[in-house]
Structure formats: C-alpha cells, structure tokens
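To start, the structure under review is shown below, and the notes come after it.
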Amino acid sequence: MGGFWHYLFNHPGEEVWSWTKTTLWLGALPVVIGLLIALPIGWLAHRYRWTYPPIVSVAGIIYTIPSLVLFLVLPGILGTGILDPVNVAVALTIYTVALLVRVVSDGLSAVSPETMAAATAMGFSGWQRLVKVQLPLAVPVIGAGLRVAAVSNVSLISVASVVGVTQLGQLFKDSLLQVTLARQVDPAVLGILLFFVIAFAFDLVILLAIRLLTPWQRAVRS
Amino acid sequence: MIRFENVGKAYEDGTLAVDDLSLEAPSGQITVFVGPSGCGKTTSLRMINRMIDPTHGRIWLDDRDTASINPSQLRRGIGYVIQHAGLFPHRTVLDNVATVPMLLGTDRRTARANALELLERVGLPATFAKRYPAQLSGGQQQRVGVARALAADPPVMLMDEPFSAVDPVVREQLQNEFLRLQSELGKTIAFVTHDIDEAIKLGDKVAVMRVGGKLAQFAAPAELLSRPADAFVAGFVGRDRGYRALGFAAAGSLPLSDEAAVTLGQTLRAARDVAQDGWALVVDADAKPQGWLALGGLADSALEGTVTPDLLNLGGTLATEAGTLREALDAALSSPSGRGVVVRDDGRFAGTITAAQVLGRIESRAADIRADTVQAANLGGQA
Amino acid sequence: MSAILADSGVTFSGVGKYLTTGSNWWGIDGLLVHIRDHVIYAAIIVLAAALIALPVGLIVGHTGRGVVAVVGVANALRAVPTLGLIVLLYVWLAPKIPVNHGNVLFLHRGGVPTFIAVVIVLILLAVPPILTNTYAGIQAVDPAVRDAARGMGMRGSQVLRRVELPCALPLIISGLRNATLQVIATLTVAAYVPGLGGLGRYIADGAEQAPAQGDPPMLSAAILVALLAVVVDGLLNLVQRLVVSPGVSGRYSSKHTSQPGVTTAPLVEAQLTVA
C-alpha cells in the first residue's frame, strides 16, 4: 500500500480534487434533471394508457444505445465540442429519463384504486390528488428506480475518459499509460475506490430522502 | 376414512395452531372444517397431505399412518383444491387437468383423453381445453381446479375454501354441482370454509373449530343447529337456527290439496273457471308449474285472450315431495296465492299446501322430538 | 442541423462514405471481422454469466434463502466502475502472461491478458441483471400456484422445473437481454485496453488519435454497435416469444378470452444498467 499513498501524495492533489468535483456534478445533475423530465412523461403514460406502450418502447430503445456511442454522437447533435462535459451530462440525463419514465408510470399506477377513490370522494381535485396522495405513495417505487439510475450513472462517468472528458476516469488512463510508474495499479485502485465511495454516497443520500418522505413505511417495519 | 388422533401443531414461538384434535372423517362423505380465521381449520386440512407436518399425534388414512408415507407419494394420491384454484398459468386447461396422472407416469395421450372427459364432467365444454387459465373466469377456473384434483381418481380430496373467491350466484351453482358430482363419485372429502351456511349445506359432518385450534363440536349439520354444544357454537351457527334446521327435516307425506290447473295457451275464461280466491295455477304441456295467474277483478270483456307466460306471477318457489319442511314452508310463504306448489321428483305438479298445514306438520314433529329427548334422558338417568 | 454538424467538424457524410466502401468491410482488419469478434466475446461472456447467475438465482428464488446477500452483491456490482476494473486487472495480469504468444483463435497478438481481464469484469457486470431477474421472477410466481404444485405431489425440483421456471421465464429472459445489451455496449469501452478486437477497437483508436475530429471509422463503429445491440435484442425478443408459454405472456388468440389477459409485469423490472 506504500506505493499507493506515494502515488496519491505525489500526484497533484488539486488535479484529483478537481476531477472529483467534475465527477460529482456529472453524477448528481443528470439524476435531478432526469427525474424532473421523467415525472411529467411518466404521468402522461400513466394517465393516458394508450401512450404507455410507445413511450416505454422508445425508452427501451434509447437504453440499448451504448453510452460511448452517445458520448460521440451528441456533440454532432448539440453542437458542442467532443471534449465538452456537457455531452456526458446530457447523455446521462437521457439514460435517467429512459429508465425512470416507466418506473414513474408504474409507481403511479400501483397506488390502489380504493385509495384514489377515497381521495376523490373526500373532495381532492385531480391535481391535489396527484401531489398529495399519489406521488407520495409512489415514492418507494420511484426512489428505487432513482437509486439504480444514480449508481449506474456514476459507473458510466468513467467511460467518458475514453473520449477524453476529464474526470476521475482519468486515473484509469493514468494506470494504463504511465508505464514509468513504479506500481501501475495504484491510480486504478484509487479510481475504483473513489467511484465506489461516490456511488454509495449518492445511494445513501437518495435512501435517506426516501426514508424522510415515507415515514409510514418505517412505522410498519418497526 | 381420515382419522385425526390427538393431532397438534405448535409453532416455534409456542403458539398452537391446532390443539389436540381427534376426529374421524367418514369414508365417502364430506367433512367440513369451519370456524373463524385463526382457528386452525386450514392447518388441519394441510396436515392431512403433509403440506404441514403435525408436531403431535397421528393422522391416519384408512389404516395407514400418513407420517410413514413419502409426502410427494401421499399427495399424488389425494386430490387438492384451493381457493384461487392455483392453476398453472403456463399450461392449457387440458394439461393442467392432466398434471397428476402424468406425474404418476400415465402417458400424455391417455392423460389428455381422460382430462377431456373430466372437463365435461365438471361442466366445461371441450372448447375450453386449449385455453389458458388467464382466459377463464374465476368460476371456470375453479371448475378446472376441481377437475384437476379428480384427474387421478383419488379416493380422498382436500378442498380449502374452493368456492369463496367467486360471487354468490356462481358459488351456489358450484356448490350444487359439487354435491351432484359427489353423489356420483362418493369421495372422502375434507372441506374447509369460514362460511357456516356453506358448511351446513355441503357437510355430512361438520367440525366447528374455535381460535386456538380447538375442536368445539363435531356433528351432523342438523344436530349442530338443534343442539349446539356451547355458546361459541351457538353464536357461530347464528340466527334463524330453528328455521334453518327445517332444511334437514324431511317433509314426509304432506297433506297435499288438489288444484285444478290451466295449461299455457288455454283461454283466460277457462282459467277463471278453475281459479280459487282469484288465483289460478298455470302449468305447461308437461304439467310442470309455470306460475300463478291473477284473475280477480277482471271484467268479462278482458277474458277473451289466452294464457301467455308474460301474464304470470313468478313469485312462488317450488317444493319437492321428497324435499324438506323448509322448502315446503318457503313455497307456501312465497306463493302469491298463499298455496305453496309441490312438485314430484320429475318436476310435474303434485298438489298445493298452505303455510298453516306445514306449520302443523312442524309442530307435531317437534313434539315427537321433545318426547324422544325426554325418554332418552330418562333412560340415561336409569343407566 | 447540418450546419451545426459541419461546425463541430463531425460529418455524417464521411460516415456514409466509410460504410459504403467495400474494402472497409473485408479483410483481416475489416468491419466484418470486428463485428464477428464483438459477437463472439459477448456470447462467451453472457453464457458464462448465465451459467453462474441462473442456478444461483433459481435456488435463491425457490428457497427464499440468501435474498439479502443477492440484492447486496447485485447492488455492489452495479457500482463497479467497469472500465477501472478492467484496467486494474489488465495492468496486474499483463506482466504475468508472456505477450509473444502469437494469435490464439480469435485473439490478436498480445490479446490474452486483455481478454481475460475483460471477460472477468464483464461477467461481473452481466451477473446482476440475470441474477436479480431470475430470483425475482421465481419469487413473483403466485403462491397459490406453488402451493397447488406441491399439493399435487410435485417434489421441490419438479415444482422448480415444471412450474416456477416456466412462469418466471419472461423476467429471466428480460434479465438475459439486459445483460447482453450491457455486455455489447461495454465491450466498446473495454477496447480502450490494448489488444482487444471488436467494434470498440475503432472507437478507442479513433479517440486516442484524434478525439476532436470524430473521424468516420470511429463514428461508423459507434453506429454499428448501436445497430448490433438493436438486432441482438430483437433476436432475443423473438426467442422470448418462442419459449414463453402464451398463458404466461398473454399472447393467446384473444377471440376465446372471457376475461382480460392477466399481465405479470413487475413494478421495477430490472431493466436497469447500461454501459
């Protein structure tokens, strides 16, 4: 492990820190924006059932596009430079939306018809019913999808270093290219550890948010 | 014969699902386990085919201790029907029914041929054979479930609330067909339900169980109604016990009155000639009662037409000669003319009877029973 | 749009030209060979992953034991930065394996350590979707159906083989499909490590040489990978239609239906990770 610490301290720490920051925002932003986009689309697929099959099919097809391909093609469509991290953010947002649309729709549909009927009978308007009854009850399902999206997004970020967008994935490049390094594995080990920590941090944050939003679930568990 | 011998089921935390159960379910008859939820009735049933193993006591199938038989072998020889049928969604109706024979080594062709016959037997057309369970209604699925349990012709059948997931009309239909089937097949059946009316209707013997897995009373339905063992059974059996008990009292030879009936298609004038108290009974060409025709207050000019079905009052129920006092009383009470219609076994009109006449019969029967009971008590005292 | 494309220096016309030039397809370094390699790698990896994940998933689903462990392992594997692990394994393995072994089967000179690293890591990637879908599919089988199967005298293995497995097939196959898609996609990334064939070769080489150009071979390969993914997914979809009972998929002729077909789509079908 000596060589490992040696690498970490001799490597410009500022560089690793700036890579970490890039990785963090590339991990967080697409999940938030993706959720905001997926909510109305998912609601649409739930509310108007005929839109469900086409929406879910399109989402599924988007999902089959390899991330590397998206990273490469997006600059052409967005007009951004190929090294622009915005490409990565947009690509991850697209994946998040594709994954969450179905989850949101299924989550909303899973709220029991009796509960919905009771809310209507008590005088909730359609909008109030959605915001105050249906969405809160769908939080566990949507949250589960969100956790998966966040964790897999983080591991996708490293791929962007192949096309040259600098973030923590750069450490893997270092491992491969810096043949002069005494212990070539060290940057890769550091990179894997940092990606793991970031992924679990995101997972934990979402998990805590779900807990806070669904106090009734804890009441049942205890 | 299924015999429970001091059977108990205790769970690891010490709770007793079934507590020292001893009873004998007679061969060729239906024994119903009934009680509130948590009374151990389903556990008792599932211990018979060792889906659950008892922690105390033994269960015998005729002279064999079930604990000595390999569970899979044991189950293949016992028909099993459950609440939602539990049909295999990936197999056609026909292959569902053929499951156990094929497990037992019957070749596919024979098993399917037999399955087709069984479908017919439970009242499903052959066109259903190639369908999948998801294409059937709940009642149809349950019929397939029964056919599947019968497929290997097991002498013993276990039925766990088989009819409780369907609507009341279909349930009654299934119950009646089940009784008809049983009268042909004569299986030894253990049947679980939470519905006391179903228990009384279907059971030759009824085991009432109470929470804690204790047997409260084991008796024939009529006895359950007339002599509940304790307050729990009395409460569980419920209201209207006296009236419902009449459902087990054979009507015997009732004092039927003759009644001149008109046939569909005859003139209304002819009907008025035979009417009593303004009501005439209408029968079809086979002398089967069709309904009552009201003639009171009709002017002569209105009597030119003929008797047609749409003029009839259909309110009255029919009692059969071989039926029960409950049927007879109900026929009299429900008849618009006050005269209950009694038919022969073949459905042809036999005669009418009034509520007062039925009540007279009920009174005299009750007096006989009271006298018998007193005599029995005296004999008991002497011994 | 075309103006934007021209501005960014990415020309899709260059891609069209590249893909319509016959010499780019044939030969030992042509597109066809790379597509073949891509498919061979993916097949080996998915088969190996299935050999591990299917039995474990079936047993966990059938017994209900080890669910917590399975979910934990699957979640942890999902967080693995695939590229990093491949690099790590390659860097660690490369010095231990002589590079001068020449061509082995479909592997290029010096490709053995890369191949081993990539296969191991991608198996780790492909296992979670197959594993979780398999156990979830088995667990989702209607308890009444399982109870009936036991009550009719099926032994545990018979219940699993004759009832639970056929009922769980849609989910199991969808897990296999997800795993396959991920493997096909991630193989392009894996080519970043030297010595691996497949369509990723073009992308990795192109990115290394002139990342700002978005050169035609690189973009062509990217598009071909997406096409390959769609085609393979379509084929697996076909397999799914063939092997799943109409009673489970609801694909029976509807004219006989007296009740709407019951679909068994679970809430969060584990159609989850991409590479």
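A few notes on this one:
In this document, chain identifiers A, B and C correspond to the written order of the chains, with residue numbering beginning at 1 in each.
Criterion: contacts are C-beta pairs under 8 Å (C-beta built on N, C-alpha and C of every residue); 3 or more make two chains touch, one makes a residue touch a chain.
Remember, predicted model here, so these are calculated numbers, not experimental data.
Viewed as a network of touching protein chains, the structure reduces to a simple linear path.
Comparing the chain pairs A-C and B-C, the larger number of C-beta pairs in contact belongs to A-C. Chain A and chain B have Cα centroids separated by 60 Å. Put simply, the C-alpha centre of chain A and that of chain C have 20 angstrom between them. Between chain B and chain C, the centres computed from C-alpha atoms are 57 Å apart. Shared interface positions of chain B, defined as residues touching 2 or more other chains, are absent.
Put simply, chain C touches chain A in their complex at residues 1, 4-5, 7-8, 10, 12, 75, 78-85, 87-88, 90-92, 181, 184-186, 188-189, 192-193, 200, 203-204, 207, 211-212, 214, 218-219, 222-223, 225-226, 229-230, 233, 265, 267-269, 271-275.
Within the complex, the chain C residues that touch chain B are 142, 144-155, 158, 163, 166-167, 169, 244-248, 250, 252, 256-259, 261-262, 264.
Of all the residues in chain B, the ones that touch chain C in their complex are 49, 51, 71-77, 80, 82-92, 99-100, 103, 127, 131-137, 140, 145, 148, 158. Within the complex formed with chain C, the residues of chain A that make contact are 60-61, 63-69, 72-73, 75-83, 95, 99, 102-103, 106-107, 110, 141, 144-145, 148-149, 151-152, 154-159, 161-164, 169, 171-172, 175-176, 184-185, 188-189, 191-192, 195-196, 199-200, 203.
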